[in-house]
Each structure stands twice: as C-alpha cells, then as structure tokens.
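Here chain A shows up in two complexes: once beside chain B, once beside chain C.
Moving on to the complex of A and B:
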C-alpha cells in the first residue's frame, strides 16, 4: 500500500505563564491510502494536538518542537504560508467536534460553502453554488437549497456536522481528519455520520484519521488504531489486534472500562492520576498494575507483537 | 414585528419616566426662575403677580402636565434669558455639535477598527503594547487638560491653529472651519478611539479563539481573509451597542470640550443654561438628550437584529 502521510517523532508543547506543558511527547504513525485510522485515548492524552499539528493548527502558544509530518514525501511543518494553505483544505481537510462554533454564526451556509469552493477551484459563483448543492446532497441533506439559505444555528447538530463534512469534501481531499466528529451528537445521528464517513471514504478512496475517546466508534469504523496516553502512542495495530489482543495495560484498562449493558463493575474504570510524572518514563506508570523496577528507570521502547502491531511497554509476556 | 411594538412601548414609557425625573429634579434644584426677572425697584406685589402669571403658584403635578402637554406639541417653552424658543436655540446650536462630534466619532471609529483588529489579532505584539498604552492615556487624561495643553502648545506657542470658536471673524470658508476643528476634534477623537479600541480589541481576541477561525485556517484561508471576512463582522457586533449609546453625545455634545474651545454647540448652551438657572432651556436640552439616548438604544437593537441572524430569528 502507498504511504500517504507519515508522522515522525512529533513533540508539541504549550507555553504558558506557568511554563512548558508537554502535550505530545512522542507521536509517530503512518497512514496509507484508503486507511481508516483511529486515534483513541482519554482527554488530555494529546490525540487532538497531534492531529492539529499535522496542519500546523496550533494556537500561538503551541509550539511544535520536533518531528516531521511527511505528506506525499514533503514535510508539511517546513512549508511556507502559501504552500501550507495549498495543503490545508485541499489535500487534507478537517472536521471538528462542535459544529455550531465551527461555523461562522453570522453567515449562511451557502455563503461560506461558495466561498470555500471558489478558494480552491477557479469556478464562477453559479457553478460554485451548483457544486455546493451537489455536495450537500451527497452528504445526505434532504433539502440542500434550504440548508444553503440557513444560518448555522437554524440547523440541527447532525445537519451541521453533515454541512461540515460537505465543506471538507468540497476540494476532494486525500485525507480527512475528523476530530471527535460525533461526540456532540446522539447515538442515532452518530451512527448515521459514521456511516456517511465510511461511505465517502470508500467512494472517493480517501483516507480518514478519526480521533475519539469512544472505543465503540473506533470498533465500528477503523481499520487501524493507535492508542494515545500522556502524549505517547502506547500501542498501535489493526482494530482486531487492539480489541481482541490488546497488549498494553493501558489499552486493556481502556477496553475494560467500556460500559456494557448488564456488566462491568465500576472498579474497572480507569482512575486518573494527575500527579507529576517524569517525562521520560512510561505515561501509564502511576496507574499501572504491573509496574516493575525497570518501569521506574527508563521509557520503554516499542516491541512488535504482530507484523504491524507495536506496543510501548516493558512487559512482553502474554499474561493478565 | 410584535417585538418592535413592544420595544417602542418600552421607549415611550422610558421617556415618560425621564420626563417626570427631569421635571422633579429641576424643581428640586436651588434657584428661583422668577429671580431672573426681578429688579431691585420691583415691589413685592409685582413679584407675586409675576410668579402667578408664570404658573408657578399652581400645584406641582398641574405644572408638570402643562409642561408635558406643551412638549408633546413640540413647544419646549421660551428661554428665560432671552425669551427665545428653546427648540429654536437647540436647533441653531445643533449643526456645530453634530459636525464636531460626528467627525470625531467617525474618525475614532475608523482608527479603532484598524488598530483594534490589528492589536486583537497580534495580541501582546509591539504595536498592541503601544496601542494599549495610548488607550490608557486616552481614557485616563481629562479632555479639558488635553485641550488646554493643545491650545497652549499649538496656538499660544506655535501660533499654528485658532484656539477658540468655529469660524474666524468674517470668514465662513470650509478651510477655516477645518482649522478651527483640528484641536477639539483631536481631543474628542483621541478619547473616543481609546475607548472603542479597547472594545474592539477584546472582541477580536474572543473571536480569534473561536472554532470557526481554526476551521477556516484548516480550509486554507489566508489570515487576512479570516480577519476581514469572518472575524470583523462578529467582532463589530458589540460595537453596535457602544455606538448606539454614544449617539446622544452627537447632540448633547462634549460639554467640557466645547467649553474649553468655546465651540458654539449644544454643550456650551447647556452650561450657559445651568449657570443662568434657565429652567426651560435646561429641561429642553435634557429631554432632547434623553430622547436621543432612547433612540440610540432602539437603533442599536434594530441594527443588532439586522447584523446578527441569531437575534433576528432567535427567541431573545
């Protein structure tokens, strides 16, 4: 398979008055053409910052300290403003969790869609409008003409997320990054949106990076999964490997903490320990049941548990 | 539509309450309108007759309703000083104040849009720091001090600009008017801009951190495009309120600045009216100003609905 995106050794920090906060300590993964890649992890694990860094979307106090983001062989982090804008939206598009605040409240959907289409394609206003209607129909909006005339607050959450997807699709991107796209939606709408993403991915041969803290969502859609914890990718593999043969204690705990009907006791839920912890040690150290002496000394390296199943842990035995 | 009617009724009620307050306060103020006419050789009896003929012996509420009735017919009474109709005097002074205040409001607004947007976008940058410093100075220093300093520097020492009035003797040209306007206008613009910049800067900062800005960046929009096509319109919304509230100053004028520069506007008229205990004039100017405050707020509400679709169709 063709390598489309390669994130290598990414380190991202936030600088505030209280000093440096290392949000991403070391993240690296590869995305192949047609992948549906999931990044899971609890809040604050760095999954969202990682993906935002792919498009250099950090706020002014967010600094990418190290690493490379190779898109078709070019390092995005080294592009100048104009080249970067060419990649943003055209090659790699993004959708976000809160679709209400992601759309400008004072403009109609149509207004912004036409503007967006014309930014990346040299077409006239009428042609852009026609394309916008087509895109809105493609994402399953029943009355696209009415949606075009609507302001964001007049649409339902599901409709807005569909509009966001239509906007993202307007330039036929090669990669779509979806940052918790279904978190704000109820379960039925969530399923519809996920279904839509799968359909679009298959139809356009697009790759999708899906960020979520909902393992259920990952299980429904992703072909490959990376698990993030404390700024590190602690385990990465196919969906099957992650769900059926999880190796890292964090992944196991995460899966065990999924609420199930009629089962699961609350003892299994992950307790968060936010106490300070050395940067250069395993991010799960303070919460891990299997801590050994070596865990307190060095950061574990990846070991391969399958062909492409890598785990960042000192423990290698198959035991529970 | 129903909302507009409700709002209008509210405005009328507000004006009614303002009229009561205005009347009561003027009545409670020290000074006696009759004294304006009193001369040393007048007899007690004559003064009592005068008082009665002026309607001052009637009960207060009756006086109020007579006054209110006249106002509703557009009759604000005659000035005690020169016996000329109050409304005519206000209208005579209106152009001078509107020119001065209008120019400084527009200038202040334009400066504020440029600097406010820029410093909001480049928060804590060099220009932002300099702008902030000037804003604090502009808000802190009293206009009369700044005005007097300008007069001292530019008129007294350097003889560059005329220091008082609106026109030179016998000269009605536009150029002459502009020369007279430079200093008072500078003082007011500085004060206005300082205030507006603070509002625009903070609303720009808020808007810049909105998700739609990130989204547009992610869609490859230029920073300048985001600023002018997305942020500007949202950041301007709070300015509607600020401008609506300052509408009344267009007419009530900057009392102090007009006084310092002897600008023949309504502000100066108000000061004269107060020092002379000219009640009809005081009340006329007060009611006129109040009307504009209410109208300004109403206008701001309407404009909000025009520019913000969430309010137009929303429930608030």
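Moving on to the complex of A and C:
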C-alpha cells in the first residue's frame, strides 16, 4: 500500500508563564491510502495536539520542537505560509467537535461553502453553488437548498456536523482529520455520522484520522488504532489486535473501564494521573499494576507483538 | 413496601416561545414535558435517559420547582408541591438539592470553596458560622478533597474536583433528595467511574434518594434502580436496568441501545444501521415516535399509546404490546 502520511518522532510543547508543558513527547505513525486510522486516549493524552500539529494549527504558544510530518514525501512542518495553505483544507481537511464555534455565525452555510469551493477551484459562482448543493446532498441533508440559506445556529448539531463534513469534502482531500466529530451528538445521530464517514472513505478512497476517547466509536469504524497516553503512543495495531489482543496494560485498563450496555460497567476503573512525570519514563508508570524495576529506570522501546502491532512496554506478553 | 419520596403525576411543563407564524400575536407554546408520571422510593435512584430535547432536565427542574408545572402534581413525601407559592417552598428546597452538568459554570468563580459550600447553609440559617465551617471541613473530606482546598477558588480545580465541590455543596444542608443532572457527562471515563462510585457510597451512608439524568444509557445502568426513557417530553418505557438493557420493549429504546458503539471490531453495527426515516417532531398526532418507527401501524398515527405494564415491573407506552395483551 501507498504511504500517504508519515509522522516521525513528533515532539510538541506548550510554553506558558509556568514554563514548558510537554504535550506530545514522542508520537509517530504512518497512514496509508484508504486507511481509517483511530487515535484514542484520555483527555490530556496529546491526541488532539498531535493531529493539529500535522497541519501546524497549534496556538501561538504551541511549539513543535522536533519531528517530521511527511505528506507524500514533503515535510509539512517545513512549508512556508503559502505552501501550507495549499495543503490545509485542500489536501488535508479537518473537522472539529464543536461545529457551532467552527462555523462562522454571520454567514449562511451557502455563502461559506461557495467561498470555500471557489478558494480551491477556479469555478464560477453558479457552478460553485451547484457543487455545494451536490455536496450537501451527498452528506445526507434532506433539504440542501434550505440548508444553504440557513445560518449555523439555525441547524441542529447533527446537521451542522454534516455541513462541516460537506465543507471538508469540497476540495476532495486525500486525508480527513476528524477530531471528536460525534462527541457532542446523541447516540442515534452519532451512528448516522459515523456511517457517513465510513461511506465517504469507501467511496472516495479517502484516508481518515479519527480522534476520540470513545473506544466503541473506534472499534466500529477504524481499521488501525493508536492508543495515546501521556504524550506517547503506547500501542498501535489493527482494530482486532487492539481490542481482542491488547498488550499494553494501559490499553487493557482503558478497555476494561469502558461502560458497556448490559455488561459490568465501571467495575474496574482507571485512576487519573495528573502528576507531571519524568519524560524519560513510561507514561503509565504511576498507575500500572505490573511495575517492575526496569520501568523506573528507562523508557520502554517498542516491541512487535504482530506484524504491525507495536507496544511500548517493558513487559512482554505471555506472562498475563 | 418502602416509602415513596417523590411522586410525579401527569406532569406537563410548557414554555412560551416566539410565535412560529409571522405577524401573529398568539404566543407559541413548546410542550417540553407532556403528561409524565413516575415515582421514586426513598433511598433509591431513578434514572431519566433521552436525547437532547427530550425534557429530562426540565422534569428535574420542575420537581425542584425551578419551573412551574403547567399541569399535573408533584408530591414530596406525600405533600403536593407543584402548585405551592414560592414562599412556602423554602423548607422543601432544603430537602432537595441538585448537581449540574457543567462544573465550570455552576460554581461562582469569585467565591472560595468554603463560601460555596457554606452559602446554602446560610440561606437556610443552619448553625453558627463556626459550625458551618466545621461542616464544610467535614464535607470536603467526605468528597475526597483536602481541608486546605476550602480556601481556594474554583478555577484552581479540575473538572472532576469541581464536581466533587458541587456534591459537597449539595450535601451541606443535609438533603434527602438530590437531582443529579448529567453530573458526569462532562468528565473523562476514568473520572466518571470515580464520581459514580462516590455518589453511590454517599447514598448508602446518608440514605439519599437520587433522580439521575443522563443522555448516556450505558452510564445510568449501574447507578439506577429504575430507568425511564424519555422522548420529546413523553415517557416511553420504565423498567429496572436488567429489564431495560436485557429486554428493551419500545422500538425507540431498541434503537437507542443498538446505536451505542460496541467496543468490539467483530460486530459491525454500522453496516446494518437502520435508516432513520423521520426527524423528531413534537406536533404529530398519535405516538410521537411513529415517524421514526419501523413497526408503525395506522393506529400509531392516530392514537397516543398509554404507559402500561407489559411485563411485571416493566412499563411501556407502545401499541405493539397492548395487542399482545388482548390476544
């Protein structure tokens, strides 16, 4: 398969009055064409910062200290403003959790969509409008002409998220980054939006990076999954590997702590770890049941549990 | 038979809204809660689940009398409070407290934690200042924070800690009944479990009665003894947790449960997703769910189904189950 995006050795820090906070300590992954890639983790694990850094969308105090983001062989982090604008939105599009604040409240949906389409394609206004209608129909909006005339606040949360997806699709991006796209939605709407994303990915051969804290969402959509904890990717593998044969104690704890319908929810739970930990040690150290002497000394390296199943842990399987 | 603490009978709550018609002076009326009845026994937890706009928070607020019911009755330990004037409500307000979803906006940023916890006691004129302070110290330990934290301000705490402060504030006046309105929805999974555990421990220790409101079905099952499913202001199904999850009866409950993503990649639930045909609409005749229901019949379009017992202890408002009875 073709390698589309490669994130290598990414390190991102925030600088505040209180000094440096290392949000992403070391993240690296590869995205192939047509992949549905999930990144899961608790809040504060660095999953959003990682993906925002791919497009250099961090706030002004967010500094990418190290690493490379290779998109079709080019390092995005080295591009200048103009080149970056060509990639953002056109090659790699992004949708966010809060669709109300992500849409401009003083413009109608149609207005914004036409602007966006014309920004990336040399087409006339009428042609752009036609395309906008087509896109809105494709994302399952029942009355696209009415939606075009609406302001964002007049639409429901599910509708707005569909509009966001339509906008992101307008330039036929190669990669769509979806940052918690369904977290603010009701379950029935969530299922529809996820279904839509799957369909778009299959029909257009697009690659999707989905960021979420909901393991259920990941299991239902993603082909490959990375689990983040304290700024590190601690485990990465296929959905089957992560959910059926998880190796890292953190992944296991995360899966066990998930509330399930009909099953024992909350029977085991993960304590939150808010202490700022030494970077050179395992991020799960303070909460891990299996801490050994070597854990307190060095940061574990990845070992391979399957062909592409990487685990950052000192412990090797078998023993559990 | 245990004692009933809260009883809600045929409760309706209406809101005025801008008239949908242009140039009409008739105010529009939004029926947020429409003829809802249930009761909660002392020391137990009743869960209300439903999508946004189903009226679950409105019911909670109506019981606390933040909203005045348009129709129906609310009984607190046998006394009707739904129609009482505001000045007679103070003794009841002491017994009923609430915890809200957003731990950021529900705590006054200019007050210290001690002020926040003591304020309800001041309003209800409980004890001397020294006694109130001692009570605040006791409560802050009970919710797992430190005594020094009383001098801090809300912004110095994380979401989970703020929710603990909200709980301490609610408990300060020794209530019997607490409305928990999405108390854990804004929190991480790992924190959710801790707060749920704490609420349960406190219930055991203090004999509290909860109304637990949530939009997440998977969250309410552990804490609730009985769960009611709301849809656009109507109660569609009431059952204990095993009955509701193991044997959901109403098509809407089935749809909700089947929409929850399963953390198992072998089950591809999105592939056999049933196309949702209709949109939520309050102004339709008959059963409110009929335009989204796969098993809708002519009768559903005409007649509103009543909430009836379909199986022992399992109530459902659906014509499908009435028929079975008749046969």
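Everything that follows uses one rule, which is that the second predicted complex is superposed on the first by the 314 of 320 C-alpha atoms of A that agree within 3 Å, B and C clash if a C-alpha of one lies under 4 Å from a C-alpha of the other, contacts with A are read in each partner's own complex, and residues count from 1 in each chain.
The criterion applied here is as follows: a residue touches a chain if its C-beta (ideal position, glycine included) is under 8 Å from a C-beta of that chain, and two chains touch if they have at least 3 such contacts.
None of these values were measured; they are calculated from a predicted model.
Applying the stated clash criterion after superposition on chain A shows that chain B and chain C can sit side by side.
Rounded to the nearest 10, the angle at the Cα centre of chain A between the centres of chain B and chain C is 70 degrees.
Using the contact criterion defined above for the overlaid structures, shared-chain residue A:244 touches chain C, although it does not reach chain B.
Using the contact criterion defined above for the overlaid structures, shared-chain residue A:104 touches chain B, although it does not reach chain C. In the superposition on chain A, contact of A:198 is made with chain C only, not with chain B. Once the two complexes are laid over each other on the shared chain, residue contacts for A:43 go to chain C alone; chain B is not touched. Contact with chain C, but none with chain B, is seen for A:214 once the two complexes are overlaid on the shared chain. Of the two partner chains placed around the shared chain by superposition, chain B is the only one that A:85 touches, whereas chain C remains out of contact.
In the superposition on chain A, contact of A:259 is made with chain C only, not with chain B.
Contacts of A:187 after superposition: chain C is touched, whereas chain B is not reached. Once both structures are fitted on chain A, no C-alpha atom of chain B lies closer than 7 Å to one of chain C.
The intersection of chain A residues touching chain B with those touching chain C, taken from the two complexes, is empty. Per the touch definition, chain B reaches chain A in the complex via residues 123, 209-212, 214-222, 229-230, 233-234, 237, 307-310, 313-314. The touching residues of chain A, when paired with chain C in their complex, are 42-43, 142, 157, 186-192, 194-195, 198, 213-221, 239-240, 243-244, 254-255, 257-262, 265-266, 269-272, 274. Listed in rising order, the residues of chain A touching chain B in the complex are 52, 55, 57, 59-60, 84-90, 93-94, 96, 98, 101-108, 115-116, 119-120, 151, 153-154, 164, 167-168. Within the complex formed with chain A, the chain C residues making contact are 51-52, 158, 160, 188-194, 196-197, 215-219, 221-222, 245-246, 255-257, 259-266, 268-270, 273, 276, 279.
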